[in-house]
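Each chain carries a letter (A, B, C and D) given by its place in the written order, and its residues are counted from 1.
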Amino acid sequence: MTDTAELPEPPDDWRPDNPRPAGWLTPEDLAVVRAQLPLVYVDAVPVRVDESGDVVAVGLLLRMGPRGLTRSLVSGRVLYHERIRDALLRHIEKDLGPVALPQVPASPQPFTVAEYFPTPGITPFHDPRQHAVSMAYVVPVGGDCRPQQDALDLAWLTPEEACSDVVQAEFQGGRGVLVKQAMAWVGRLA
Amino acid sequence: MTDTAELPEPPDDWRPDNPRPAGWLTPEDLAVVRAQLPLVYVDAVPVRVDESGDVVAVGLLLRMGPRGLTRSLVSGRVLYHERIRDALLRHIEKDLGPVALPQVPASPQPFTVAEYFPTPGITPFHDPRQHAVSMAYVVPVGGDCRPQQDALDLAWLTPEEACSDVVQAEFQGGRGVLVKQAMAWVGRLA
Amino acid sequence: MTDTAELPEPPDDWRPDNPRPAGWLTPEDLAVVRAQLPLVYVDAVPVRVDESGDVVAVGLLLRMGPRGLTRSLVSGRVLYHERIRDALLRHIEKDLGPVALPQVPASPQPFTVAEYFPTPGITPFHDPRQHAVSMAYVVPVGGDCRPQQDALDLAWLTPEEACSDVVQAEFQGGRGVLVKQAMAWVGRLA
Amino acid sequence: MTDTAELPEPPDDWRPDNPRPAGWLTPEDLAVVRAQLPLVYVDAVPVRVDESGDVVAVGLLLRMGPRGLTRSLVSGRVLYHERIRDALLRHIEKDLGPVALPQVPASPQPFTVAEYFPTPGITPFHDPRQHAVSMAYVVPVGGDCRPQQDALDLAWLTPEEACSDVVQAEFQGGRGVLVKQAMAWVGRLA
């Protein structure tokens, strides 16, 4: 996470040890672009559903950041020539492991679009590194999920817990609001 | 299907041999209500998806009606004190059998609402028996699907085939339009 | 509001002094139907938007109910042979007056469907009188709005105020949750 | 339109004579970025609605391209530090003039996301210049619309006409499919 060492939460996916598909930028190029263009992102809210499709739990990652422990969602860039649904699958596998068995939605219509600005206060969403436009999806996962790479833990919380003030205070950049928007959309906002 | 013998396509679920949960109406009562109130319906478009969630096939039922063979979707009433998602599950099991393994959407937001009027031409949807307001969902099914009861066959068509003029002509009451709306919403309209 | 005198909040529109279009039920018939069928409803969340479409205020009605003052939304039944968009217009005119200049959404896709059950706890929504399935829409109004009939006041609150604990406590039947879902959907949930 | 002279349809907004806000790229820089990153776009489908919000006409631009006349929508890039709703307003003013009186939707949820790939066939959408991820909105316009800049004409077609084979053949890059998706979403697909 070389290029984001000083940042509160790194939703990006570049890492020195990762293979770089065609179209990936060097950290230097990415830094230049980030100051000039909005980047295309996806946010996935992983959920467990019961047999009737009702959301019973939300999967939140716990990461150690420069300011302490933070909760986060599955999130990351859409690469050049990558479909949104393939980006969702790649980031879910990266964060939850290869046997999470995600059910990527059939429709590209997101439940919302989160606009992360480098300036706080324009929208509820903030990313000091960049302007990211993130299409957000609720993704039921049916398999075994294990936190990968830099995540310390993956916790399954009830919708009520995930929307509680205590848990909401553990998010950064407005991602707690995104969880509440997701729970509102699935009819599970308290 | 006593109360619908003269009708082109019976999306209702009352049958003499069915158990009647509390709140079910007699055919006589239902006939009275149908002339005075809109009824709450659900329409489900059963689909097969690939591992990235992309729709690859649409499941269409083939039924014998008074005017010949017609294609139809999974459709039916929402009962008193029944959740929409439970109505979807009940109708999918009724039409596709008990091991279809449907993934009922996590959100109650339908992709559209089809308003079936007894008078043709007000909307694209028409039901000579009643005014039905139907919330429509795309439902991926992962298991074995077998046509039940009065359906002769269940055919899996590609989105292109399902939207073709030939297949569209085999629907009644505007249900072909609903299939096209579903394919438009999942990004598979030709 | 004869048939609902003992009830906490009457989202229905039948009144002895109202003209009855064809298909309206007598209070007695409606009482029978309410115990046997879900009714089709619409909920409208009236909002003021700025010139870029961003929601800046939510219009909440203040009504005197049997348990004191309560906040409410624009809400009511869809009548036999009435389109959803016509029901929205009718209820908005009924509650906000004839010059509210509502912008009814172009799409029938609601931001959510609120399922009001006579039994509390099945969903966040509860209506002791009936099972109502309500398609919910955010409706920008550009004109002059005046509370009509039984409403004492119409107050324009910021999204933050409308979602605050104090205001949320003034709703009944889960309608406060519906306001929060609406604000989540327009990106204005705090 | 220096950097797109050889391209079938230029949905981009860079022009030599335009003022360049901070964050705009030179044509050279944009060309480099276009080969490495997906760009954030918006598509707006301008519509006329009747007093109940029902779509009665679709506004299509007529442009002269290298291969002849083509129909197009209002479309363009989202700039660095620009909100989606401000990008929609800017592109609508650019293409339809300053008094179109657009009603930008209250919610950031698009009716679909169109993924334009430089390689044809991956999705219905194709842009030989770049990979663009475009959030698509239906935007009612109430004012006077006049084609601006490089557009020859703005024609208001009924939904049926806009979805007809003749008109569909006049679009490029899949934008005709996007119009059909929009009409499906508003309930006006034939």
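To be clear about the criterion, a contact is a pair of C-beta atoms (placed from the backbone, for glycine too) under 8 Å apart; a residue touches a chain by one contact, two chains touch by 3 or more.
Not measured: the values here are computed from a predicted model.
Asks: Along the graph of touching chains, what's the shortest path length in steps from subunit B to subunit D?
Replies: When the steps are counted carefully, the minimum from subunit B to subunit D is 1.
Asks: Count the residue numbers both subunit A and subunit D use at their shared interface, divide by all numbers used there, and answer same if that is over half, different if under half.
Replies: Looking at both copies, the contact residues mostly coincide.
Asks: Taking the mean of the C-alpha atoms as each chain's centre, how many Å separate subunit A from subunit C?
Replies: Between these chains, centre-to-centre, one finds 34 Å.
Asks: Which whole number of Å gives the spacing of the CA centres of subunit B and subunit C?
Replies: Spacing between the chain centres: roughly 28 Å.
Asks: Mind pulling the residue numbers of subunit B that touch at least two other chains?
Replies: 83, 107-109, 111-112, 123, 185, 187
Asks: Okay, in this complex, where on subunit B does subunit D touch?
Replies: Where subunit B meets subunit D, its residues are 112, 123-124, 177, 180-181, 184-185, 187, 189-190.
Asks: In the complex of these two chains, what residues of subunit D are touching subunit A?
Replies: Residues 23-25, 29, 33, 35-40, 78-84, 107-113, 115, 117-119, 122-123, 131, 133, 135 of subunit D touch subunit A in their complex.
Asks: Please name which positions on subunit C make contact with subunit D in the complex.
Replies: 47, 49, 51-55, 83, 85-86, 89, 103-109, 111, 138, 140, 185-187
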